[in-house]
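Let me begin by handing over the structure; questions about it come next.
Chain IDs A, B, C, D and E follow the sequence of writing; residue 1 opens each chain.
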Amino acid sequence: MKRFHTSLTATVMSVLFALCLTAGQVFAADTIKLGVAGAHSGDLASYGLPTVNAAKFVVADINAAGGVLGKQVELIIEDDVCKPEVATSTATKLVTSGVDIVLGHICSGATKAAMGIYHGAGLVCISPSATAPDLTLSGDYPNFFRTIAHDKVQAELQVKFVIEKLGAKKIAILHDKGDYGKGAASLAKQFVEANPNAEVVLFEGVTSGSVSFGPIVQKVKRSRADAVIWGGYHSDASKIIRQMNKKKMKAFFVGADGLKDETFIKVAGKDAEGVYVSGPMDYSKNPLAIKAKEQHKKAYGDDPGAFYLEAYAATLAILNAVEKAGSTEYDAVVKALMTEYVETPLGKIRFDEKGDPIGVGFTMYQVRKGQFVELN
Amino acid sequence: MELEYFFELFLGGLVKGSIYALIALGYTMVYGVVELINFAHGEIYMLGAYTALIVASVLTVLGFPQLAIVVMAGLAAIIWASAYGYTVEKVAYKPLRKAPRLSPLISAIGMSIFLQNYVLLAQTDKFLPFPELIPEFEFWEPYSHIIGSPSLMILVSTVIIMMLLTYIIKYTTMGKAMRATAQDRTMAMLVGISVNKVISFTFVIGSSLAAVGGVLVASQMGQINFYIGFMAGIKAFTAAVLGGIGSIPGAVLGGLVLGMTESLATGYISSDYEDVFAFALLVLILIFRPAGLLGRNTTQKV
Amino acid sequence: MTTETILDVKKLTMDFGGLRALNHVDLTIQKGEIVALIGPNGAGKTTFFNCVTGIYTPTGGEIFLGGTGKKPIRLNGIKPNRIADLGMTRTFQNIRLFQNMTVLENVMIGRHIRTQAGIFSALTRLPSARKEEKKTIDDAYNLLEKVDLADWANEFAKNLPYGDQRRLEIARAMATDPVLLLLDEPAAGMNPQETQRLDALIRKIRDEEGITILLIEHDMKLVMNLSERIYVMDYGSGIATGTPMDIKNNPAVIKAYLGEEVIDA
Amino acid sequence: MDTGIPMFKLSEIKKSLVVALWFIFLTFPIMVIKVNTIENFIAWRWRNMFMIGICSFVISLVWRYFQENEASGQRILSLFTQIPLVKRLKGMSVSERPTQDGVIRESNPMIQRIFYTLLIVMALLFPFVNDYQTTILTTALMYVILGLGLNIAVGLAGLLHLGYVAFYAVGAYTYAILNMHYGVGFWVALPLGGLLATLFGIALGIPVLRLRGDYLAIVTLGFGEITRITLENWDALTQGPSGIAQIPKPGLFGMELTTQQGIMYVYYLAVALAILTVFCTYRLQNSRIGRALMAMREDEIASQAMGINIARTKLTAFALSASFAGMAGVLFAAKTGFINPQSFTFMESAIILSIVVLGGMGSILGVIIGALILILLPEYLREVGNYRMLLFGASMVIMMIFRPQGIISNVRKVYKIDQGGQK
Amino acid sequence: MLKLSHVNTFYGNIQALKGLSIEINEGEIITLIGANGAGKTTTLMSISGVVPPRSGEIIFDGVPIHAMSPEKIVKMGLCQVPEGRRIFPQLTILENLDMGAYLREDKDGVQQDLDYVMDLFPILKERRNQAGGTLSGGEQQMLAISRALMARPRLLLLDEPSLGLAPLIIRQIFDIIARINKENGTTIFLVEQNANLALKSAHRGYVMENGVVTLSDTAENLLANEEVKKAYLGI
């Protein structure tokens, strides 16, 4: 019998320890709780934090105007570091804290991991940035909505542009081996391969954060590609472009929405000139977008960062849906999201039955004189 | 064409390798003297680069001339990186000198996490553009398509620093004291060497090298954030082990071999598996030379 | 009873790079003997032990181990653990105990090759495994009693006084049921009292357990008292062999090793 | 020697003042100046400077106080182990009978039984507290398994392993892939995952047999990275970085479980598996094989001279250690329902290693406590938001400084010796 | 010259020295004998400042040194040749000797001393560019003593110089020790396991047991002392 004691000890310890630390559940006043989940620390924090800011501004405005359904909106912010295993804890924590709706998550992987938990709890989620196609297309995640078009739409547009408008015959596709980057690159590859007028001369992943991209740039040069399609975020991209320019290479560089970020232009500086990117349509003239950016600038002194407007729109859309639905009840909210148009920084939008936004599309830009200029 | 391609890959590998080597030198020195895998070394590299960025930005606003900015930013990077290295040793490693072998390693991992988040919180989570501190030299213009000035600077600096370090360690009194401390700490104390000073000195030197590396690489890459130290640190550590940890020429050779392998693997096979080749090579070399390329293969005394 | 050759070393040679540490060393030991190997520091005595016990692979010569009931086995290139299994164990010049294990556990490790229990029986603890474990404990304890360390059984090895650590090392080696025991400077660092106890212990091991003994030692008093035959090495080669009396009076040995007056005390 | 209040002696204050000035200097560029080269602005945050000054002054006073009064420092930090319950548990795990020094007391078996029954009831009832607590405790329990598994390699056998997460990945992917392609269920995948990880452990072990210490560390680190990169690139098998989603939860006789029930069920599975792991490692540790592992850790050459086959023993250590990670991986895949290579980075290995070292190498109870602290700490630190990783890193450093040997150290196994009939 | 009074030294919680008092006069050879674990090495480490005492006083030349760092103590002219030689194995013999003179600034003096020790042990001169680790045990002991002499100590602490050495070498080493004492007037504090040998070369001796001194007398008297004979001389 005694031999079991140690084993029991183990269990017992675990339980006790957790119990000690268990904070009593707080039953808050009557508010609508909006959970915000995403990467707020770690290497991808810069993609998650703007969403938090956006949510704060929108909620502050709405609360100032009397709230939703006469209740104040309360934010519950949780970090998932963009890791699936953390995301499940994050999601459970949000569910346990009694959130009514969720803004997030930021990364597709984390989103996939978390979605089941929200679904089990009957919660609707809206992400500003998770662009993996199967999140909506597979039908596995009925409670998922997003304010950004998925990668497939984008890849198709990109490839069409590169082949038809730029006339590229040989295309090199690079990616950062990440979830988002490789996903986007693989889609682009499919579309290029489907097109008889062009071929993929190189399809490779680079090591994100590497101290030098010289060798891969060399390889691109040798492949004599007319265009490089990049799947990934801007930090690696700008380093690659920089080295390409140093080698005086003439190939077009085409990126996706991971590059459609003011930061890209500012970080890459003159190297960014001439780069093509696909991205959500231009909202810079949208009054709400202008307002949203102003708010951020006023509060933090700088430009908002990635997916800020999408997050802003997502917050508006989901809170509007609650208002319209008259409650936070699952079916009603889903129905409201799909039927009611809402005015957002992205324009007037609603969602299709799969959860993708209608009215949000992609377009091509080129960097000219430090600005993203919308083409055609 | 083929030959030229190889040559270019070779050069690319050389540059990449020198970067690894530069950081690995600091790793290897610290290891050589205190036998500690200083996981926070990558973060010191990052702090050096950040300090340079901050100082350069401030000086730019104040309207200093370019050359002065470069010099002062570089100096500031070295000074503060050394200060951080010194402090990290005092806070996180010195109390653990007599602890079991793995404890300082965990402390180092903790320090690494701490420093990353310290910069994240105090500065920003975003990538920031890093000024081109090293301009394209005019005299080098004709060759710059082969190898750019910043890359050239990295190559040259690595060579100079390696020679300088070798000199310091081989011939100066401090260098000898470092070697003595590395071999037998108690005995070093008994001949009158201040072990604390020697160890601090080692950290200061190692950290300044990290700072030099940080500034050069950041200037070549054109951007930094709080996370750049992690990857650089791991690769440099690999390079140091590959070359024989504790050996100065070993660190350089290890860095070069690593960079070269990655470059050639990328060029001729696929960059998808770049790191796989790098680590596979490491395993292979260690199987045949368990103490690294230039490491002393000490037969254990029985 | 016929004498039986336990260890037969022929022309053993060991090179480290360009350095020849052992040069055609011959040595034989008969069953039941106590033989000493002496010589100046650096003469190659420990290297000899390391070659014989398989830690180094000799570059030349042959080593045969007999006394196992079968015909002599050639040991060249055999792993140390196999050699221990065949019946030759050793102690080390600079004590190599398992510091953070208890005294009893140290001796139990010695029983490792004479026991079978594997992972499966560790997890299931079938009666047979329990029996074996219990026997291991008892055997180890008995050995500890033999070397007067039973009171320390549950103490960490590192906490033992120096002399006791040396004796523990001997007990550990005996636990492997050796036919031949190699002792590398067993008296180093012992005071005369401790050395006397050691002398008695080594005798007891030979007389009661029938274990043949080869030892390296600098303490001439111990060597002369204890050993029946002595081999002397210098610069990697054997320079003399014979009874203690022969050695004491051998001019070559006196010149290389002993100095003018052999034993002071 | 000092009388009165040593903390506030003038020289002490002076020293702390120097420390404060040093930290002000040290943190000046990073803390005071905030640059943003994107927006080209520079902010001067002088307030931070004062904060740093004051904080480091106070901390340095306290720090020195602890260091100079090492005994009292130890006392305060070992408060945790002084809690009667912990003390008793510690005692129990240490030995099965009283030792000479009387540290461990045999208590009334009846009381013990009641005590354990209570604890089991609590463990069983725990999931009814709330789902979040249950989820994170499940995670913590998985790390208990991982920690104990790694403890076999690092704590018992002394093989510094920095790529342990690879085995975890192997387990997780075994379940995910087999399930995706062949619909293999959790209960079949669990032993398979363990087995495959074991094979991986042996495959890793063979090339590194000759390596020692830090060289072994870097090669195992490389092995971990190789595994992760392969998972990222081998699209056909692993779906690359986008990972494998919709991994089913473990089945319970074909019953449909709600999300909440699912969480509870996985929790109980984790408890069961953790108990199994504790049970196995405990028995292993006190067996012939376990002793051989320890002997190898203490001295390879001596253990070889005692007849231990080093090659086989090393492979055993790697294999055993890997098998637990494999099973934990299967559980992980089942719990998360989605896996991708991002979950198996070097940082993960580092955390698991930290669990082992922090808890106290070689000590089962220590590793359990280490896992709970290191996994639950960041979770509960969520309240402090952005500062949580900062505090996490700092606490790792601080814990090591004050308890370098780990929370529970130097477990000494005491053997019962049957002296009857010998004298 | 050196005076230890009521020194208490701990390793962690284990007390190794329990109120130890020893006195050494200039020019003497003093030996400290005792069983293993009696605290002999700890005594030397406490004097050298490597394991500073928790309480008690150590006065050297009238200056309290018990709270000083090891390097300051060396600088005062107090050097130790520790047990097991502790040669820096990868430094050459010359470099090892250099390290002995680490704190000295008088180049000429250092050169002079270098010549002196090479004269004392010609083998060192022969092998001066060889790594210390390649020397045999006896040669290492010679190097260790020479290295300590390079600091020009006024008090030399020797820990078990005979350990693991062949009889011939031991004799050589002890001759040199006597010579150093005579020629340079260097005071020598000798810790030895081999009590017979030690007492024969020393002027006075202390016997140590469990961290305290139990006997102290002239070397001759100790050699004749029945208890000492029984316990340490093996007669």
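Rule of thumb we're sticking to: contacts are C-beta pairs under 8 Å (C-beta built on N, C-alpha and C of every residue); 3 or more make two chains touch, one makes a residue touch a chain.
Note that the structure is a prediction, hence the values are computed from the model and not measured.
Student: Starting at chain A, how many touching-chain steps does it take at least to reach chain E?
Tutor: When the steps are counted carefully, the minimum from chain A to chain E is 2.
Student: Which chain lies at the heart of the structure, taking centres as C-alpha averages?
Tutor: So the chain sitting closest to the middle is D.
Student: Which chain's C-alpha centroid is most distant from that of chain E?
Tutor: When every chain centre is compared against chain E, the largest gap points to A.
Student: Please tell me whether C-E or A-D has the greater number of C-beta pairs in contact.
Tutor: Most contacts of the two pairs: A-D.
Student: Using CA atom averages as chain centres, what separation in Å is found between chain B and chain E?
Tutor: 42
Student: So the centre of each chain is just the mean of its C-alpha atoms; given that, what is the distance between chain B and chain C in Å?
Tutor: 48
Student: How many angstrom between the C-alpha centroids of chain D and chain B?
Tutor: A distance of 29 Å separates the two centres.
Student: Note the residues in chain B that touch 2 or more other chains, in rising order.
Tutor: Those would be 117, 120, 124, 126, 128-129, 272, 275, 302.
Student: Where in chain C do residues touch two or more of the other chains?
Tutor: 55, 92-93
Student: Any chance you could list the residues of chain E touching two or more other chains?
Tutor: As it turns out, chain E has no residue touching two or more other chains.
Student: For the complex, give me every residue of chain B touching chain A.
Tutor: Within the complex, chain B touches chain A at residues 5, 8-9, 11-13, 15-16, 19-20, 117, 120, 124-129, 144-145, 148, 151, 217, 220-223, 225, 227-228, 230-232, 235, 259, 262-264, 266-267, 270-272, 274-275.
Student: In the complex of these two chains, what residues of chain A are touching chain B?
Tutor: 41, 43, 45-46, 49, 177, 204-207, 209-212, 214-219, 221-222, 234-235, 238-239, 242, 246-248, 263, 266-269, 271, 305
Student: Hey, which residues of chain A end up touching chain D in the complex?
Tutor: Counting only chain A, the residues touching chain D are 2-19, 21-23, 25, 40-42, 77-79, 82-85, 88-89, 92-93, 95-97, 108-109, 112-113, 116-117, 119-121, 132, 134, 140, 177-179, 181-183, 186, 205, 262-263, 266-267, 301-303.
Student: Which residues of chain D touch chain A in the complex?
Tutor: 36-39, 41, 43, 85, 89, 92-93, 96, 112, 116, 119-120, 122-123, 126, 129-137, 139-141, 144, 229, 232-233, 235, 240-243, 245-246, 258-260, 262-263, 271, 274-275, 278-279, 282-283, 332, 335-340, 342-343, 364-365, 368-369, 372-373, 376, 379-380, 382, 385-386, 388-389
Student: Please output the residues of chain B touching chain E within their complex, sorted ascending.
Tutor: 173, 176-177, 179-180, 183-184, 186-194, 296
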